[in-house]
Amino acid sequence: MGNMSYKDFASDREVRWCPGCGDYSVLKSVLHALADTGSEPENTVFVSGIGCAARMPYYINTYGFHTIHGRAPAIATGIKLGNPDLEVWVITGDGDGLSIGGNHLLHMFRRNVDVNILLLNNEIYGLTKGQFSPTSRYGTISPSSPGGTLTQPVSPCHFALGSGATFIARGIDVDQKGLVALFQASKAHRGTGFVEILQNCIVYNKDAFENVTAKASAPETQLHVTHGKPLVFGANREKGIKLNPETLSLEVIDAHKTPGEVLVHDETNSLIAKLLVDLTPPLPTAFGVIHRRTATPFEDVFFTQRKSASRAPFDTLLRRAIIHDHREDASPE
Amino acid sequence: MGNMSYKDFASDREVRWCPGCGDYSVLKSVLHALADTGSEPENTVFVSGIGCAARMPYYINTYGFHTIHGRAPAIATGIKLGNPDLEVWVITGDGDGLSIGGNHLLHMFRRNVDVNILLLNNEIYGLTKGQFSPTSRYGTISPSSPGGTLTQPVSPCHFALGSGATFIARGIDVDQKGLVALFQASKAHRGTGFVEILQNCIVYNKDAFENVTAKASAPETQLHVTHGKPLVFGANREKGIKLNPETLSLEVIDAHKTPGEVLVHDETNSLIAKLLVDLTPPLPTAFGVIHRRTATPFEDVFFTQRKSASRAPFDTLLRRAIIHDHREDASPE
Amino acid sequence: MLHSVKTRDYHVVRFAGDSGDGIQVQGLHFTNAIGFSGHHLSTLQDFPAEIRAPVGTTYGISAFQIQFGGDRIRTPGDTPDVMVAFNPAALKVNLPILEPGALVIVDEDAFNPRNLKKAGFESNPLEDDSLTNFDVYPIDITNQTLQTLGLFELSRREALRSRNYWVLGFMLWVFDLPRYPLTDWIKKRFEATPEVCRANLAVVNAGHAFGEIAEHAHVLQHKTILQKPLEPGEYRTIRGSEATALGLSAVSQLADMDILYCSYPITPASAILHELASMRDPRVATFQAEDEIASCCAAIGASYSGAFGVSSSSGPGLALKAESLGLAIASELPLLIINTQRAGPSTGLPTKTEQADLLQSVYGRNGDTPVPVVAAKSSADCFQAVIDASRIALRHMTPVILLHDGYMSNSADLWAIPDIDDYEPIETHLTAADRLPDHAPHDAIFERDPDTCARPWAIPGRHRLMHRVGGLESDIRTGHISYDPENHQIMTDMRLEKIRRVADFLPDETLVQGSFESALLVLSWGSTYGHIYEAVETCNKDGGSVAQAHLRFVHPFAHNLEVLLKRFDTILVPEHNAGQLATLIRSELPALASRIRQFNQINGLPFSALDLIDAIRGALVDG
Amino acid sequence: MLHSVKTRDYHVVRFAGDSGDGIQVQGLHFTNAIGFSGHHLSTLQDFPAEIRAPVGTTYGISAFQIQFGGDRIRTPGDTPDVMVAFNPAALKVNLPILEPGALVIVDEDAFNPRNLKKAGFESNPLEDDSLTNFDVYPIDITNQTLQTLGLFELSRREALRSRNYWVLGFMLWVFDLPRYPLTDWIKKRFEATPEVCRANLAVVNAGHAFGEIAEHAHVLQHKTILQKPLEPGEYRTIRGSEATALGLSAVSQLADMDILYCSYPITPASAILHELASMRDPRVATFQAEDEIASCCAAIGASYSGAFGVSSSSGPGLALKAESLGLAIASELPLLIINTQRAGPSTGLPTKTEQADLLQSVYGRNGDTPVPVVAAKSSADCFQAVIDASRIALRHMTPVILLHDGYMSNSADLWAIPDIDDYEPIETHLTAADRLPDHAPHDAIFERDPDTCARPWAIPGRHRLMHRVGGLESDIRTGHISYDPENHQIMTDMRLEKIRRVADFLPDETLVQGSFESALLVLSWGSTYGHIYEAVETCNKDGGSVAQAHLRFVHPFAHNLEVLLKRFDTILVPEHNAGQLATLIRSELPALASRIRQFNQINGLPFSALDLIDAIRGALVDG
C-alpha cells in the first residue's frame, strides 16, 4: 500500500533489548504494519508507559512519547482529543497496562477512543528485573515472591471484554505474519483496538508460553479463529469446539464427523468472546480477532458535539450573566 | 442468630443523607445483615472511600474508616493482611469504585481477598453534585455534560466478571429482604463478595432505575435468579430465558409450554454469568447471586505461606551474608 | 424598639435559610438590583457542608451575603448589619457574626416548636430576651406568601417555594432598589408558564407593597450613601469560576489555539468545569477524566499534540497530579494546572477555604522540578490571572500552577466587562517549529530560545519533525535519552534557569496602597487581597502608617521584590496556612527573614477585618 | 614498564565487564576475602542503565568497586588504583576514573576487532600508546580458563562463564588474600554438581597459580598496610537493602508486633522488597501491591488494624503516595515510608543517585501536613535508621518518611553484627488503648498523650472501642467529623505541634569531626556522609580547620541545631540536589542564612573527593 518500506519506519536509535527478547519481533511487525497500511510518520504517534516493551517508541521513526508508568492510555486520549486526525498507538506491558494502569485501560475501552493498544504480555516485570506481574501464573517464583505467587492471573482479553472493549485480539510475538494482520485489523477498526501479544522475556520468564507457542505442538495448543469459520484445531483441523447447550460447558468433538455441531466464530457475539477468552490449557488458546463490534469512537461524538455547539460569540459569553449596564446611553434590557 | 438487634449496630451519629435517598434503606439492610449473621462490632470494620454512600461507616457502630476517594479496596486489603480475623466490609459508589478506583477493585477481585464490597450504584456522582459517572447511561445530561454524555456505561457486574471476581450479586436499594440475603451470602462467601446495589439518588438522578425497579412492572423487568432454578420471569413466571445454541443469542420463550428449553441458573458457570450481566432492558435485569465459585481467599495462602516459612532465627538472619568472623576464637565456617 | 432609616457608606446583607429555600437565587437577584443601582459590591455564597441535610437543621443552612456601597468594595464583609433568616436554624447559625444592633428579619411562621427544636433553641428567641442586642423584625412571611398565592393554582409546596420572591420584593423596598431587573427576568424566565410567571410577580409585588403599607415598616428603610458611584461602563457580577472560564476562552483567542480542559469533579474546583461545559466554546473543550491522574495526563497529551492542555483540581487532587507534572516538566510541555485550594489535610473541609497548597505547588514533586506558581486575588481577577498564567506556560514551555481557593469560587465581584482587543496576543513556540525544515536534525528540534530556554513546540500533524520525548533524562542538544552525568547536571541547571528566567518577563511588584515611608508593609497573596486591603485602609484611616503589596507571582518572585521589601523594617504576612509564603520568603530572600511577621488563620474562613486590624496594630507596635 | 610490589594505606580495586561476566559475584567474593583478612572496606555496585544491553557494548558494562585498607573506610573510593577489565568496552568506560599509574589487568583475548569496534576503539589500545599513563598487564584470561577447563565436561559457553573465578584466584594472589572463604563457599554451593564444583575450584586455583608462576607476575603484588585492623568482633558486609530488612525485623521484635511491608517494584527501592521477601520473617510480611497508591494504602490499612504498615518506593513513586500520606496524617496512624531517592525529575535516571526528594518529603502534600523526615547515612546505617524512624512513627502516631538513595542501595559496608538485646524496646500507643475500658466514651478514645499529642491506638479485634476515623477534619475531643472553624484551627495547630514535639525526643546534634574552633562547618545529610567525612579529614590533614556535622533528623531539626550551627561563621552544605537542605535551613533557621554556602552536584554520581576538597577549600578562602 504505502510507498515507504518497513525499514523507513525504523528510527536511527540502536535497539537495546536483551538478545533473544520477543520485543524485537513485535517491533518488526509494527514496522511492517505501518508500512503496509501507509501510515504517515508525521501523523503517527506512539505513546508508551514504562517497561521494556514501553521503550518501543524510541525505535520507530514517527512521533513518540515515552511517558510514565501506566498512564499511556490517558495521555493517548488527550492526544486524540487534541488532534483527532493523528494515528495513535499505545505500547504497554502486563505490568504497565494491568497493574498500575488497569483503570486507564478500563476507561479507554469504555470510551472507545480510536487508539491501537498493543499489550506485550510476558507475564513478568521485565524492566525492574523480574518480579511477578498481575498476569503471572499462580505460584510464579520471582524475587518478590520467592515462595510463589498467591493469586490467579488476570486475563488481559477477559478484562478487556468486561470493560466493554470493541476490538479484542491475541497474537504471538514471533508470529510476524499473524501480528501484522492483527495490527492492520486494529488500525482499520474505528475505536479502541486491543491486541494482547504473548511475548517471551528470555531473561526473567523464559519460555513462559512454550506450552502454547511451541511449533511442534501448535496445532493442538492454538485455536486460530476467523469470523464466520468453525472453531477447529488439530493437525488436520479435526478437532472442533462445541458448546453443550444444557450445561453451557465446552466440549472438544470430532470436527470431521460432526462438523455441524462445531461452533462457528462470530466476532460480534460477546458470549463467544467470553468463551474464547476462557480457553486455557489443556484446551487450546485462542488467537486472532476474538471480538469486534461496531461502535462510535469517543472522539467522533466529542467533536460532533463540540462543533455543533451553538456557541455564542465571546462578547455574548462575556455578558452571559445578568448585566448591570451603566453606560450613559444604556436602557435596561 | 446473633443476640444483638439490628438497632444495636446503629451508631449514635445522625444520618445525613437527603430525605428519600436510597442509601437509608441500604444502611438498614446492612444493619440487619450484621445482626442476623451475628457480627461482632469489635471485630468488624467498615471501610469506605469518598461519596454519599461512603458516609455509611459513620452510621454503623463497628470500627469504621472513611478513607480517600477510590482507595478503600487497597486499604481493606491492608486491614485483612494486618489482621485476617476481622470481618471487613467496603462501601463504595459507582464513581468511587469504578471511576477513580477501578484498578483497586480489579486487583481486589483478582486476589480474592475475603472482603464484602457493596457498590451503591446511582449512576451519578452524588456528593459532588451530580456530574455523570462511568455507569451513567449514554446521553446523560449533567453539569459536566450539558450536551449529554458520550460513552456507553460500564457494567459493574460485567467488570467484576472480567476481573475474575468469585462472587457477584445484584440487588435493589428498597428491597431490604433481598439485600439482607445477598449481604449474608456475601459474608458467607470465602473471598471477595461483590454486591452491586441499584440505588436511587433522589436529588441528582431521580428514578434512574424506575424502568427496572417500579413495583408494577417488576415481574416483567426483573429476573431473580436462584442456583439450580430455571431463569423465568413474568407475572406468572411464564417467560423463560433460552439460549439459541446456533447463534449463541438469547430468546424469551414460553416457560410453561417448553420448560425444558429454559436455561437453568448455574452460579458456578461463568458463561451463564456473562449472559446474565449482559441482560439489559428491554430484557429483564438479573438480580440475586449471579456468580459464585469456590476459590481460596488471598489471605489464606498469604498466612499459610507466612507461617510455613521456615524462618531462620534473627541471629541467623543477621549472619545470612558471608560472615567475616574476627572473634579471636572464631574458626572459618 | 423603634427602627429608623439608616444611612451608611455600605451595608452587609445576609440571607440564610434551608438549601431548598432558594437563598442563592434570591441573593443573585438582590445583587443584580444593587448592580443596576450603580453600587459597588462583592458577594459570598456559603453552602452547607457537603452532605445535603434534612430541612430545618443547623448544618443544612445555606447563606448568601453581599456587601455594597458607595466606594470600591473588596470583600463581602464580615459582620452583616441586615439579615433575613428563613427559619430558626438560620438564625441560630448566623447570630454570632451579626453586627450589634443589626436588623434581623425573620419568618415568624417558621418559628414553630419542631423547627426550634431542630435548631437547638430551648425557648423561642422571638419571645424570650435573647435577641435584645438586635433589631428583630418578625414577619409572617409564609402566611403573606400563601395569602398572595391563594389566588393561583399552586400546591402549598410550590407556594412555599416562593417565599424568597416575597422577601426579595420586600428587601428591594427596604433599600429602595429598582424592581424591573427582577420582574423583567421573571417574565423572560417563566414565559412558557404564564401562571407561574404571574404568581411570582404577584409575590414580589406583595413583598414590596408590604414594606410600603405595613405599620412601622417605613422605619426599616436603609440607604447607602454613594460616595463614588461606578464609573460609566458595562458591568456584571462575576464568580471566580465564570471569570476563569471566560479567561480560558480569551486565552484560546489570544493564542489562536484550541484548549482541552481536563478535570475530575471535586469541590470546589468543579464549578469551573461546569461553567466551561455550559459555555460550549468550540475552542475550549472539556473532558471529564476517570481521575485526577488521567485528567493531568490527558492535558499533557493535548499539549503534546498541539492544543493547550489545562487540568484542574483541589487539594488532594493536586497531590495526585504530582507524578505527571514531573513528566510535563521533563518533556517541557506547556500545561496549566488550576488548583482551587480547600481546607486540608486529606479530605479536610472540602467546602472551606485555605491557602495551604502553596508549598505543595512549589516543591511537591520528585527531583528538582521547578514550576512557576501564580495566584489569583479575587473572583473577577480570575480572568486576568488565567491569562497571565497561560502566557507563562506557553511562552516558557512549562507547566504552571495557578492557585485559586474556595473563597474565590464562592464569592462574586462586580466586573467591568473587558474588550478582548485590548489584550496582547499570546505567542507560542509552534512558530519556532514552523520555521524548521521538514526532517530537520534533532539538534534543531531541540534548539532553545535564547531568552526563555524554551524548546520549539514541534507537534505531530503540523510538523514533519519526527522525534521522541519522555520522562527519562534527555540530551540537551538532541533530546535523545542520555545517561551522561554531565548532561544531567546541565539539564537540571537548565530547568532551574528556565524557571528563573520567567522572572525576566514579570512586571515589577509595587505597593497597592500606602507609601514606602510606611512603618509596616502587609504582604498578601491570593484571595486575602480584599480583606487585607480593607483592613490596611481602615488602619490608615485611623492614623496608622501601613502599606500593602500583593503577589500575583508567588514563584519565582519578581526581580524587584527583594528591593521593595527591603524598604520596610517590618513585613506582616497574613495567610490562611501555617506560614507558607513566609517560609518561601525566608528561604528565597533570607536577608529579609528577620523582618517577617506571620499572621496565620486556619479555620476555613476568610479573615475578619477585626482580627486583621488587630494583627496589623500588633505588628505596628511590636515592630 | 616494570611493576613493583606496591604498599599503601588503602587500595581501590574495580572489576568491570559485561552483565553476563559475573562481575558482581566476583566482587562479593573478593570483598569477602578482604573482610576475612581483617581490613576495613566499602563497596559499590555499578549496574548498567536499566535495559539489558548486547554483549560487548559500553552501555552494557557492569562494575564492582571496593576500597579497603587499614583504617576506617567510609566510601568505595573515587579513583581505582587497580582494575580488571574483561573486555575493551569495560576498559573504555572506566579509563577516565582510574588513578594515574593504576594497574590495569585486561583479558587480552577479548581484545578482538569485533569487541574493539563495539567499544569504539579505532585501534587496539593494548598495541598503540594510548595507555602509557597506566601499568597495563594483559593476560590471556580466556585462554587460561579454557585450558584449565579442557579437562572438564563443560560447554565452551559454560567454560567462558568461569573467567571470573580465574580472575578471583589471580586477584587473591595479587593481594595475598586467603582462598578458603571462596573455596569453602564453592564446595557448599555446588555440592549437588560435583563436576561443576571441581571445575570452579580448578579455575580458582589456576588463576592463583598463574600469579605464582608467571614471569613478572611477582612484581604485580600489592599490599595494604593495616594501620588499625578491625576491632575483634563479628563482621559482615552489608548492603543498604539488607540492613533495612534486618532493621525492620528488629523493629518487629522491639515493638513486639507484626509488620506489613507494602511495595510496588521500582528501581532502586525494589532491593529491599526482594531482601525482605527472601528473608521470610513471619512477623515481617511483604505485599506487592498493584501500584504505589495501593501500596501506601495497604500499609495504612495494616496500621489501622494494628500491624505496623511500611511502604517503600523511589522518586515518582513517592509522589504517588502524597494523597494517601495525607490520610495517614489526618487519621493519625503510624506509618513508615521508605523512599530510595533516585535521579529525577520524572523517570529521570533510575539507576543513578540523588537527594532531590527532601523538599517533596517535607512539603509535598495538600494542606498543612507535616511529617518527620529521617535520613540514613550509609548502607550499614540503614539498620539503625529504620529503627529510629519506626520508633518515631510508633511513638508519635504519625507517618515518617525515611530517605535512602540509590548510592546507598548499591554500596556495601562492613558491619559489626549487633546484639538485639542492646536496643531499647519500642513503645506503642496500643497500651494506652489497652488501659481503656470496653465501650469507653469517644473522648477517652481520643485523649492525647501529654508529651507527644499522640492518640491511643485503638484497634479492631483487640479493643472494644468502636469508633470511626477518616480524612475529614475531626473533632479534637471526640474524633467525630467536625466542620467547626475553631476546631480546624486547633487541629491544624495540634498537627504542627505534634511534629514539633518529635524534636523533644531527639538526641542533640554533635560534631562528627573537627572542633567548634574550626573555621568552617561542613553540614551533611544522607549518603554523602562518607565522602564528606573523608574530604574533611583530608583537608584537616593538610592543615585545614574544618568541622563536620551530620543530620540524621532532617525534619524537624534537633532543638540544639541552631545553637550548634551558630558556632560557625561559615557553613558549607554539599548536596546532590539544587540546595534542598540549604533551603530548609534558610526557612527554619533564617538567622543562619547568611552563613550558608551551597555545593550542589546533580549528575547522578557520588561526590568525588577532589571536588569536595575544592569546595571546602573554596569555602575556607571565601568565608
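As written, the chains take the letters A, B, C and D, and residue 1 is the first residue of each chain.
In the analysis below, contacts are C-beta pairs under 8 Å (C-beta built on N, C-alpha and C of every residue); 3 or more make two chains touch, one makes a residue touch a chain.
Just so it is clear, the model here is predicted, and its values are computed rather than measured.
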{"item": "Comparison of B-C and B-D (more C-beta pairs in contact)", "value": "B-D"}
{"item": "Furthest chain, CA centroid comparison against subunit A", "value": "C"}
{"item": "Distance from the mean Cα position of subunit C to that of subunit A, given in whole angstrom", "value": "43"}
{"item": "Averaged-CA centre spacing for the pair subunit D and subunit A, given as whole angstrom", "value": "39"}
{"item": "Multi-partner residues of subunit D (each touching 2 or more other chains)", "value": "59, 280, 290-291, 316, 323, 326-327, 331, 346-347, 470-472"}
{"item": "For subunit A, residues contacting two or more additional chains", "value": "50, 66, 68, 99-100, 102-103, 106-107, 134, 147, 302, 309"}
{"item": "Residue ranges of subunit D touching subunit A (in the complex, touch as defined)", "value": "50-55, 59, 263-267, 270, 273-274, 277-278, 280, 286, 288, 290-292, 316, 346-347"}
{"item": "Parts of subunit B lying in touch with subunit C, wherever the complex brings them together", "value": "16-19, 50, 52, 55, 68-70, 95, 99-100, 102, 125, 127-129, 131-132, 134, 143-147, 203"}
{"item": "Residue numbers on subunit B that touch subunit A, as the complex places them", "value": "98-103, 106-107, 110-112, 134, 147-148, 150-155, 158-164, 243, 245, 247-249, 263, 266, 269-272, 274-275, 278, 295, 298, 301-302, 305, 309"}
{"item": "Subunit C residues within the subunit D interface of the complex", "value": "49, 59, 315-316, 318-320, 322-323, 326-327, 329-331, 341, 343-349, 352, 354, 356-357, 359-360, 362-369, 470-473, 483, 485-486, 488-489, 492-493, 495-496, 577-578, 580, 583-584, 586-587, 590-591, 593-594, 601-605"}
{"item": "Residues of subunit C defined as touching subunit A within the complex", "value": "28, 32, 35-36, 38, 180-181, 184-185, 230-238, 242, 246, 249-250, 253, 258, 260, 262, 279-282, 285, 287, 289-291, 293-294, 297-307, 309, 323-324, 326-327, 331, 414, 417-418, 420, 459-461, 463-472, 480-481"}
